[in-house]
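We just call them A, B, C and D in the order they show up, numbering each chain from 1.
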Amino acid sequence: MSRKLRMGMIGGGTGSFIGDVHRKAASIDGMIELVCGAFSSSAEKSMTSGKALYLPEERCYGSFEDMISKEKERPESERMDFVAIVTPNHMHFSPAKLALESGFHVVCDKPMTLTLDEAVELEKIVAKSGKLFALTHNYTGHPLVKQAKAMVANGDLGTIRKIQVQYLQGWLSTAVEKTGQKQASWRVDPKRSGIGGALGDIGTHAENLVEYITGLRINELAADLGRFGEGRILDDDGNLLLRMENGAKGTMSISQIALGEENNLAIKVYGEKGSLEWHQENPNQLITHWLEQPVKVFTPNGNDLYDEALSVSRIPAGHPEGYLEAFATIYKNFATHVMATLEEKIIEKPDYPTAKDGVRGMKFIYAAVESDKNNASWTKMKEF
Amino acid sequence: MSRKLRMGMIGGGTGSFIGDVHRKAASIDGMIELVCGAFSSSAEKSMTSGKALYLPEERCYGSFEDMISKEKERPESERMDFVAIVTPNHMHFSPAKLALESGFHVVCDKPMTLTLDEAVELEKIVAKSGKLFALTHNYTGHPLVKQAKAMVANGDLGTIRKIQVQYLQGWLSTAVEKTGQKQASWRVDPKRSGIGGALGDIGTHAENLVEYITGLRINELAADLGRFGEGRILDDDGNLLLRMENGAKGTMSISQIALGEENNLAIKVYGEKGSLEWHQENPNQLITHWLEQPVKVFTPNGNDLYDEALSVSRIPAGHPEGYLEAFATIYKNFATHVMATLEEKIIEKPDYPTAKDGVRGMKFIYAAVESDKNNASWTKMKEF
Amino acid sequence: MSRKLRMGMIGGGTGSFIGDVHRKAASIDGMIELVCGAFSSSAEKSMTSGKALYLPEERCYGSFEDMISKEKERPESERMDFVAIVTPNHMHFSPAKLALESGFHVVCDKPMTLTLDEAVELEKIVAKSGKLFALTHNYTGHPLVKQAKAMVANGDLGTIRKIQVQYLQGWLSTAVEKTGQKQASWRVDPKRSGIGGALGDIGTHAENLVEYITGLRINELAADLGRFGEGRILDDDGNLLLRMENGAKGTMSISQIALGEENNLAIKVYGEKGSLEWHQENPNQLITHWLEQPVKVFTPNGNDLYDEALSVSRIPAGHPEGYLEAFATIYKNFATHVMATLEEKIIEKPDYPTAKDGVRGMKFIYAAVESDKNNASWTKMKEF
Amino acid sequence: MSRKLRMGMIGGGTGSFIGDVHRKAASIDGMIELVCGAFSSSAEKSMTSGKALYLPEERCYGSFEDMISKEKERPESERMDFVAIVTPNHMHFSPAKLALESGFHVVCDKPMTLTLDEAVELEKIVAKSGKLFALTHNYTGHPLVKQAKAMVANGDLGTIRKIQVQYLQGWLSTAVEKTGQKQASWRVDPKRSGIGGALGDIGTHAENLVEYITGLRINELAADLGRFGEGRILDDDGNLLLRMENGAKGTMSISQIALGEENNLAIKVYGEKGSLEWHQENPNQLITHWLEQPVKVFTPNGNDLYDEALSVSRIPAGHPEGYLEAFATIYKNFATHVMATLEEKIIEKPDYPTAKDGVRGMKFIYAAVESDKNNASWTKMKEF
């Protein structure tokens, strides 16, 4: 391909955390350039944000509808190739639908939509559109998560028996949503977040990580949710039991009131022949256990890795890769796929989360909320 | 006191793991000497074991009944002061009962008895006997577990909201009980272990640690037990949801098939003002989190500890204390209490686990098994 | 500023490790775009590399001289603003000199030059040119290195007494330079590396980190260098004693034959009131010790940080920042300075390594080699 | 053997740190009983200390001379078998000499003596006496130190090239010796400590650990000592370069003013085929690196250990062994040797530090002090 892909952003104006992350992640591998944006529903704010990003005025739009229609009119040599949607949850579905139906590929933040119905519909829209859709379950971009997945897939661990997964944060330990903190206010608001609080924000990452690494689906779950923050309607804490499709059992613990925790996403997977352990906050080691051998610790670009892990490491062993790099891998794999499509090439197994993962995430939220309503009774994900 | 206490041991013959641990733990602080033992139900084996421990022949007994009656006949200046019971679970009740009723204090390994009925009865026997009874929930002997308990008790963490506890082992990942491994064979046998497998062997430690540190009782639990080893009747794995008496929620994960895990007992406690984290395999640090301060890590005999922690540290900071030292603290505190009793002194708050803890442990096992039978439905501990 | 800065690259063709790192680092913060390059001394290879980076053919040059003269001729609205020099050491001086004297700012990889004479001259050329010059001592870009520097500067640690610094790698444990490995072959070759091997490649990073964090200059050093790889002329290992200008003492250990080490750069600084410890391979924690308080561990964007650390963190606490982010901070601070210059604004204290640091690095190499020649006798850095 | 060994202690009265450690360590394995002591040069204090240890009055002596002569007169069935000397350094030689010449075996704390001359003489006295002598370089008792030694001895690491060793403490960061702190006051006093401060107290442990694990002697060293505490005559800090007999090079860093460090003894050994790393404060893991395999971490009683490590582990994997257990291993191996001698059996390779190690330690101190006097010039250990 003789040029970079052109990205238009929806949301992510000045001061936005996740918009900035998406831009940085998209830029790292030099395959994508930001060419336009509808950074805010206020045309003025969108303009200010766009200028700070060195965009020309005429490509800073006041609404996503405006952006999509105007970009469509531009000559092919100029117009954006895809949109990145980085708005709160309730503003995912409409722009995604419009973009896809207007012929643009889409990158969308998670959870995929506000409701399960939207998710199911969006999956259909993607299919119908023939366009590509990536959901930023960014943690699956880490080299050692790829290694973990490959080890399970290759049978190194044998049949999986037990799983522990957690995603613990503490930033909602106090009532920060009442202090005007923007990140907090929409996350505790069902209108913008949907029926899940911590469930949607971080629980879906935990769910996705379990299914990604083990290749197993969660069959049923029992969820005991907490709403510890005064006046909170949505869950800010959850303790779950899991039963996987193959008979493995496990626990999931998620929280935004686990005081002092930053982004403690971690997973342990125990099999009949081996086990593994990975921690997002220290992502450059994968700890493995074996029946008759000492503990082995793998590092990115280190010894004895599968190609799946080696191929996504950007830098030599011992130079830590972090959050942005993993996030960038989602963009890189998506961009590679888009480029292949543009050049009418075929990619065997594109490796990034899709609308299918988005639907799983929404089902997870719905199943957990339902289980909690019934005093943590077992609830099957397929019933949603 | 002008002499050491005299200990008689029941069980713990040559090759026994836990008998050796009890002897070492009892000897560390120089307050206790082993004077006699019924190390095996075979008189010959008992003799061999006793000789290897430098005991005189006449104090190596072929049964606990024999030991208790013969020792009782000895002059006060010679006879044992207490028995240490280190047999499998089904052999705890009878010797404990006989010893107490014969006027001897008792140290007993956990879980306290084979059945809950026995436990309830034993608690009564202890009370009636006026003798002292210690249950070796040894992990509560670590200086930093004392520190954790003191921090919660002093309100440093504020109201407790969330708990994570786990005790993970992997040694039953394969069918070792079929290879003649002694430790394994009785632990998977309901006749010798009772109705709980991993529940009794390690789950009770987890339960005890939670209640000891938080000062909160588990109100109800939902238990999803696993029996992964082929042909196993008893649980070798368990995933539990916990609800504490104050409204805190949590998870407990226990396993003996978590391949590669050695003795991964760990606990996290999250409060409204602070949180803490302790790992048995690296017991010399207590990690704490705070709303507006950096992470603080405490070490035994290090800066800023409560007296409860300082008073049980034996060695200067930076010299690791381990399993035996913590175990020894149970013996030390018990011995101190016994000595005080002998000298007719009063000890304000003796700090070691008692029959009351033993009953809690048995109720925990029964509640978990019951919950599991009902597909992990919520089960109240007080109903047992 | 209404546009991104335009970067031209010298060296860093396809397959180059460090060229790729510079490009990624330069792109992360969205302030810089790559517009041209002389990626190889072969015009053809340069073209191929440039195309893979989506550059137009006419801006892929066959030599740095060509690039500099052609770019100079371009209209100001198009031409590059600065060059990034990512060639082996012997190819730093000439392009840097030409670029500066042609009116371009320069970013240069370390060590600054092949010889100390070149370094001294280059520092003068920079001064005379009025252009900006950044040397990529990238590790100083980590938020917690900034925090460490600020803590020392603010006197939190009191007078510094003791330092330990190390940079350990193992990749030259075997004779990889004989296998055609490109990275290895020039690094063991005095013509391309200069008189220092590991000294120049990683020792200068260690030296720079010590002086950056402590704000103290190394006064004298005693160096015992090793040449363990068969046939190696340059050092591949070094053990040094350090004496700082304030009387503090320390050790430095560097190696490229420390088998199994990846990029183990680490520093400990002990003062009269506190001490600190930072590890490059786990860069998201800064461990500190205090006279009467427990260990405190700081994290990027976590509690209680100085502004110097907060201002360079890009993402919320608990999301690890790595090698590329720290590298990017050098580019970001350099770009901010260049932009300010273009807009005729003044920046109080630009925070990136300069030619002055480059001269210190070369003096360090020369002093260490001289000391080693004299059987590790004390050698003063100022004598060079 | 049909009885425990009988130990008499010299020094170690109430309040003594190291005396208490020796008693606990001696008791753990049930092979040794304390039967008498000269715990203080004050008869009264000795009596008080002895009583607190449940000793009969008649075996609490007011001087070591008294103890040795009186014990000698006791019948063989009662009298002590060996003495444990736990006094400050200047009080090691005389009691050791008298005990040996009176027919008693000796356990002695390190460094062996006040002066090198005494050490050389004591080694001769031991040889002449035919009695056994153990020096408590306790850290060599850890299972994973045994594993490390065995790995080097078996060639797993190949030829050793590089060593890093450190023993860092911070407890003399302030002038605690002026506050009446007993541990500090004698350690900073040349009359009681000898010519080495930190060198003797902890440097000898570092020296011993290097030579024990690598099986290589330090050939020469260059030492830059610090005396940071106001008014201190003896070193409280040291930075050293090492050259081993086989050409390996290394650094040693010792300190008692490394603020915040507790007992940070650590060693790294790099060979041509593998490398290893061990930390005293977290002694239950041995980290190893390999050319083409991932990092392997060994644990006591874990997978793939040499017999040398397995045979000294007392408890199952995952239950941490600490300082006392390692210390106890010195006593256990010594006691086993004494018992064998009493029974006229032969032990192939008794594994505990002896007078030979004591002489090495004193030579190390003398060489380091001499080197420091000559501005850290290279000094050969064999010249002393």
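The definition used in the following text is that a contact is a pair of C-beta atoms (placed from the backbone, for glycine too) under 8 Å apart; a residue touches a chain by one contact, two chains touch by 3 or more.
The shown structure was predicted, so the numbers you read here are calculated from the model rather than taken from an experiment.
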Exercise for the section: For the pairs C-D and B-C, output the one whose chains share more C-beta pairs in contact. Expected result: C-D
Completion exercise
Outermost chain relative to subunit D, judged by CA means, is A
Practice task
List the centre-to-centre spacing of subunit B and subunit C in whole Å, with centres computed as mean CA coordinates.
Solution key: 55
Completion exercise
dist(centroid_CA(subunit A), centroid_CA(subunit C)) in Å evaluates to 34
Completion exercise
Per the C-alpha means, the centres of subunit C and subunit D lie apart by a whole-Å value of 44
Exercise for the section: Could you check subunit C for residues that touch two or more other chains and list them? Expected result: 261, 290-291, 295, 299, 302
Handout entry: subunit A to subunit B touching residues, read off their complex
Key = 161-162, 164, 166, 170, 173-174, 222, 224, 226, 228, 237, 239-243, 249-251, 253, 255, 257-261, 268, 270-275, 288-291, 295, 375-378
Handout entry: Residue numbers on subunit C that touch subunit A, as the complex places them
Key = 1-4, 17, 20-21, 23-24, 27-30, 34, 51, 53-54, 169, 171, 261-264, 280-284, 299, 302, 314-325
Handout entry: Interfacial residue positions of subunit A with respect to subunit D in the complex
Key = 290-299, 302-304
